[in-house]
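In the two complexes below, chain A is the common chain; its partner is chain B in one and chain C in the other.
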Partner chain A sequence: MTAADKTPVPAAEPREAGTQLRPGLWQTINERYPGSMIRKESFVSQASLSKPLAEARLTLISSCGVHCKTDPPLDVCHPFGDFRFKRVPSSSKQRELIIHQLKYPHDDADLDLNVIFPIERLQELHLERRIGSLTPNFFSFIGYNMDPERFERTVAADIADAVVQQEHADCALLAPA
Partner chain B sequence: MSVTVARDVTEAVKVPRALFLPWPMGHHFGVPFHLDLQRRVILAALMLLEESAEPGTIRDLPIKWADVRREAKSMLTIQGQRL
Partner chain C sequence: MSVPYLREAAAHDDLDKLVRFVRLHLGDGNEAVGQDEIDRSWAQATKILLRYEPVDREFISSVLEKEESTLALLFYHLHFYLIRKSGRWIHDGSR
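Then we have the complex of A and B:
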């Protein structure tokens, strides 16, 4: 065996390898923000779509912190997070919306919101009848909350109730920024 | 139906189904003004919504970030946008 054979092979660069770009994120978050993450012991059960997608009503939910420019922003400075959410009319134009979030890079999303909140692509797919309809409102909140139990009781439960009881969605597309 | 760029986080929180993209945070649907790519991600997610049967299904969309960037760079140069 030559010296060259003993040289460790460098791990493939994630951008070229097609692996998670920021490996070990779960561990990093738990070290940096202990107790902040929701943990589940078993899988959330999977509900099947009860009708073809072309007849279904879809909603969009994201932790990207987008809201209408006419709405006051959520509190991005509170040390425990803001346990509220925003409704974003699904008919909104991109120029009517703004991202107010500090915890992820949104330079590109500021140029084109659709990279994290693809509202215009969903409007197009609806017009093409690939999606039956969109809920009148989509949903957004800030994905920085230091109390996962409170988050589940408030933001998650309130959005779930609104999605089912007020918006009558058949399915949801989630974009955890 | 979740779209994720953090496979390990998604595995830990045990979502019913997710589409994994090896892309940076905040870029779940690609890059600015790349309408075809944004649309492709959504359609792949919706296909998984219709097809997946087992809770915890995580499907890969095997598009490397390096390829996305190369494509975006040439596209934005043509459009006169900054990269």
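Then we have the complex of A and C:
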């Protein structure tokens, strides 16, 4: 435990006051990577599901950087991140997909992609009628990003638009990598 | 480190902050590793040139006519290309 972990955390900081992060993480990250933690004052409340999951259309959104082998990869070398995303057909099989990432080891995910992009598990749940339907496309982007504000305006907004207007999803499964 | 933080550092020509970011980025969050990775990529480029193989200088000239942002990003791509060529790849578990 570091000295920063023992420092009382002001209750005003929502991330620190909640249970998402361990106490003191905010300070320790900011000490090691100055300016890396961005404060956000406005939050969008989580929407409630309007119908049972067995009747809902579900999409998958992941920061794992998976894409179809036939597609050019996202840019993993850019120091601030790639502000684009990839559509992955929800009918895809693991053999048709590839992980293109620099910032995390994906040896295990190369063996079983579903540990970070559970596409085949969702296909099974749909066949078992536990999920009403899957959107034609799922979504993937590079999680490494140094510009959260630009990310929110571009990748997040573009995926949100596509999920609602093109894919007509009722709900989304968010899978960080 | 966030882009606003780096923009401020760039505006003040704060080389320490900018270099620290580059090392953290190239070293996957470890500054010492990043510094070593930079050294390795330059050493690898030098090792390749020691072969005295033919080079396409016309191609280099045409590339250098591209806009600065493309060239700056190419610099990062070349770094990772050379690191992979060096045979020591630490970044994503792939070989």
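The definition used in the following text is that the second predicted complex is superposed on the first by the 135 of 177 C-alpha atoms of A that agree within 3 Å, B and C clash if a C-alpha of one lies under 4 Å from a C-alpha of the other, contacts with A are read in each partner's own complex, and residues count from 1 in each chain.
Convention: contacts are C-beta pairs under 8 Å (C-beta built on N, C-alpha and C of every residue); 3 or more make two chains touch, one makes a residue touch a chain.
For clarity, every value in this text was computed on a predicted model and none was experimentally measured.
Legend: residue contacts after superposition of the two complexes on their common chain; A:L102 is shown touching chain C, with no touch to chain B. Shared-chain residue A:N114: touches chain B; no touch with chain C. After overlaying the two complexes on the shared chain, residue contacts for A:R150 are found with chain C alone; chain B is out of touch.
Residue contacts after overlaying the shared chain place A:Q166 against neither chain B nor chain C.
By the touch criterion defined above, A:Q94 lies against neither chain B nor chain C after alignment on the C-alpha atoms of chain A.
Contacts of A:C77 after superposition: chain C is touched, whereas chain B is not reached. Of the two partners chain B and chain C, more residues of chain A are touched by B. On chain A, the surface patch touched by chain B in one complex and by chain C in the other comprises residues 38, 104-106.
Interface residues of chain A, counted against chain B in their complex, comprise 13-27, 29, 37-47, 49, 53, 64, 104-106, 108-109, 111-112, 114-116, 118, 121-122, 124-125, 130-131, 171-177.
Looking at the complex, you find that chain A touches chain C at residues 33-36, 38, 75-80, 99, 101-107, 110, 146-150. Note for the complex: chain B touches chain A at residues 1-9, 11-17, 20, 22-33, 35, 38-39, 41-43, 45-46, 49-50, 52-57, 60, 62-66, 69, 81. On the chain C side of its complex with chain A, the touching residues are 1-6, 17, 21-22, 24-25, 28-29, 73, 76-77, 79-80, 91-94.
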